[in-house]
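Paired with chain B in one complex and with chain C in the other, chain A is shared by the two complexes that follow.
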Partner chain A sequence: MTTPVEIDDRVKSRPQYGPVKLQTSQQQQVFVSADANSATLQQMFDECTDIVGPDRCLWLTISADKATMATELATATAALPVATAIYVSGDESYMWDVRNTLIRLGFAPEQIQMLAPLSTARRLFCTHCYTVMEGVTHTPHKCEGCGELLLVRDHFSTLMGSYVGVSINAEDPSEIPAPEALS
Partner chain B sequence: MSLNSTDNYQVKVVAIRDVAPTIREFTLQGINGELTPFSPGAHVVVAMPGETAEGKAKTWKNAYSLLSDPRDSSTYKIAVRLQDQSRGGSVFMHTRVSEGDILEITPPANLFAPYWRAQKHLLIAGGVGITPFMSYLPELQRAGANFELHYSYRGNQTGAYAAELQQQLGDQVRCYDADAGERLQLAELLKQQPRGTHIYVCGPELLLDGVRQNAALLGYPDSLIHFEEFAAPQPGEPFSVTLESSGQKVDVGADESLLEALEASGVKVPNLCRGGVCGQCVTKLVDGEAEHRDAFLDDGERQSCIMPCVSRAKSKGLVLGL
Partner chain C sequence: MRIAPTKLETFRDDFSYTNSDFAIERFPFPFPQDDYMYSVNIEPHTLPGPVDSVYEHLIDVDEHYLSEMRERSLVLEEMPKRCLAMPHMELACWDMIDRCMTTMAEDYPEWFSLTKNGDQWHWHNKLLKIEDTFTFGDSSTLPMPPMEYMGRQVQGDFALLDQRDGDLFMDAGVVTCPADWSIAFDAGMGFKEWHGPVPMANEMGIFDRALKYLCAIPVNRPVRRLNWTLTVNARMDTSPETYSKWGSDRTTLTPENIGKKIYLRVELQMMDRMPRSNALMMSIRTYLASMEDLCSNPEWARRLHRVMKGLPQPLVEYKGLTRYHPMLVEWLSQFDPVN
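Presenting the complex of A and B:
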């Protein structure tokens, strides 16, 4: 019951993406991306096809638009068995959208694996006006909704697949820090 | 007046019938008020005041699933299988209880509720393990849920309700009588299940293991499989424990559980399932080596904790943080 205490200054809610392993005991293997530009995913697919045969491997190209994604995934996975392993590649926000949609469709979190994000671009959620912005690469970022200059934090909402942004210069709006690239 | 959900209920046994060669069903009615509705999969703990083989007074407490319709608060029903190796509980129910008797039960508690967001519910029952599902079925039907029940038993001993279930549910239930050579093919069954299926299993250890193994082979995610696995505590060697705070010594007989022995000497330990799964009775283990028989603690926790409802001592004595 005693766990050693480790000091870790990373923001706990920021997801970490470890190496993804093929789970070949699962009957059906599914590879999801928005377009075919993930070399790693393609490699995994090829390797998997060699191991379990092409019948048990499925490559899905799924739209990044949330509404389209929901219908596409519902149709594409309707006939899949419970024992399915799913691998997702793409931008971070895309992967979380796919994951959340799949969970709503009845898959368990532990059967969905996400590869390392393909870019450092973040989805950003303005905590002042709730505007959601895509493809944010630098902090601070001017909110496209309320115009507030937002500090892009490392706090991540898994449900929204988004980082949160808070006003960086609420005290003195004339203070404009130099933009830094996000990692 | 209806009874509240924290105090024990006094109930009268209003009907007893045999529902299989070794299974007897009891219908219970509240005597100081109406019983509470419950949720599917709930159980109650029945107190059974009897005596040991040596003639010592002793109260057994066993958990039994409620098998009546959860919305029917006029009566509760439980079914008790006569266990070959019973420590007394099931023998008491089978030989000492008659219609008109008063029993004391706890309010319903639930450790095996259905997962309502599942798109399909696959229920797998073995023998007397059919009981929790008897309360699932009316609710699943009312909700218009997609479900299937697979029920295996030995017709010479168990198989309660098989005929009526088949009549009521038609295709949604499959029965397998092992004594008639019928076998439930777990691997085949699990392989066919569609996305969004949750699996619920209740029955003998052999069935649970079968499901566990086949599910692991197919790569089923653990969170989709729900086990009802409380088992009555098994006997063992006698031992004694010492309470850290008072130095009091409590002897545990071969056929009683540590929890029962503690209760008999006036020590109150919170408990819910009395079968090593709920975690309520967790007690600090200060010294000595335990023989862990629960399904709750992980290996790390086992160094410093014990579940007295099922676990015993490996060493001659234990010191408990009580």
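Presenting the complex of A and C:
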């Protein structure tokens, strides 16, 4: 095949986060974060309150711990109408945990919008021993389970909210590359 | 004549795996042209295919059956999570049991037999000496979960793709001989998600077209395609899980041993609609043949040289060939002096 194509080097499973728009036509507006340090989310909440009034805006502080999150979200969203728009802010893995929990509770993916992640920290799944690590900021990263030096890849599982790590020096274990900050 | 599987070879440690002349002759050679680029190379898997070919039956049982089944149990013993099925895939797993057992018993009556008496089924796998009576659809009547039970008796990796929202989701599978992908990590992913790391193909529109085509496959109209890569040694389990065991194999190559140690790894991928669950069954059957064996066919030898020489750099890297690609092209050039 000789069709010329623009080559895009990115791993396509890595999520991209576009600008988030208020869906003010929806009856209920819900803003979710683990704590109050998202200035952008706070700004959106204020703006939304001005437009639709405080009764239709709900601020939820939801734990980052998965089990607690499930209970808290189930309780907080039980009485919400179908016409609900949800905005989530936090670290990338947190936002995906919230999204996946909401989908299990019956929300549709298009009701949930995620802001740009608050940090570059990644959840990492070791492909060798299946250990899941939080807050990984550099590659390579030493696996906390099996000790392999892991190349942090951009291949992403939305279900796990996690990137995958694979041995960086399996071909030659004497190669120990210097850590680089993740973007 | 199809060869009865009697030998027990290894795909690790001493790598005793070998191909008979018959196996080399019927090897699914994946290069129809002197150059290689992605295409949506999906075609109907019309049955029966040519006698004795790998396309003759829905499921090809060949001389390596016993060896591959032993290799699968070795992998599952070490890493049981290489086989998984999400709870909503139960029915699809039974669809797979039905499709595999029914066709295997019809196509190889000397090796497998299946008797159905309502939902009371009796299965006899004479090659592996497995004989069970179970209630179709009731997983508690099997000695292990249905995906694992069937997966341990059929060559090749299997995935069951759940179809919803115009997408195909990797929600069940038994994957012990993958070309560097992990079902544990890719579980639950949609079609474009699990293909996320593949270079170039997305921009070429390959995945859009393939997904549309696959979602429209009707029952009893299986399709197939070939995919390929290269593997050092006859290693079936080139999974990311075990990469630290096989990554260094790539440093053991020399101009003298490269023809023996590099295997062309061809995947015969077959997609088949399941009638009860609407899932798509995907079997990824791996055939391995050494460069030396393949080059006993002068046409294949010449073509291998031309394809490898012209392989685009992103594919060289994606397929993990960077370290030895020039050495291989040099070795193959002996069969193609004009090029």
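Please note the rule applied: the second predicted complex is superposed on the first by the 177 of 183 C-alpha atoms of A that agree within 3 Å, B and C clash if a C-alpha of one lies under 4 Å from a C-alpha of the other, contacts with A are read in each partner's own complex, and residues count from 1 in each chain.
The rule is simple: contacts are C-beta pairs under 8 Å (C-beta built on N, C-alpha and C of every residue); 3 or more make two chains touch, one makes a residue touch a chain.
Since this is a predicted model, take the numbers as computed values, not measurements.
Applying the stated contact rule after C-alpha superposition, one finds that A:Ser25 touches chain B and leaves chain C untouched.
Look at A:Tyr17: by the touch rule set out above, it reaches neither chain B nor chain C. Once the two complexes are laid over each other on the shared chain, residue contacts for A:Gly106 go to chain B alone; chain C is not touched.
Once chain A of one complex is fitted onto chain A of the other, the partner contacts of A:His128 are limited to chain C, with no touch recorded for chain B.
More residues of chain A lie in contact with C than with the other chain of the pair chain B and chain C. Of the two partner chains placed by the overlay, only chain B lies in contact with A:Thr84; chain C stays clear of it. In the three-chain superposition model, chain A touches both chain B and chain C at residues 1, 3. In the complex of the two chains, the chain B residues touching chain A come out as 117-119, 190-197, 216-224, 300-301, 303-305. Those residues of chain A lying in contact with chain B across their complex are 1-3, 23, 25-27, 77-85, 105-111.
On chain C, the positions that touch chain A within their shared complex are 37-39, 81, 182, 184-189, 192-197, 199-200, 202-204, 240-244, 246-248, 250-251, 314, 323. Residue ranges of chain A in contact with chain C, taken from their complex: 1, 3, 5-9, 11-14, 125, 127-128, 130, 148, 153-160, 164, 166-167, 170-173.
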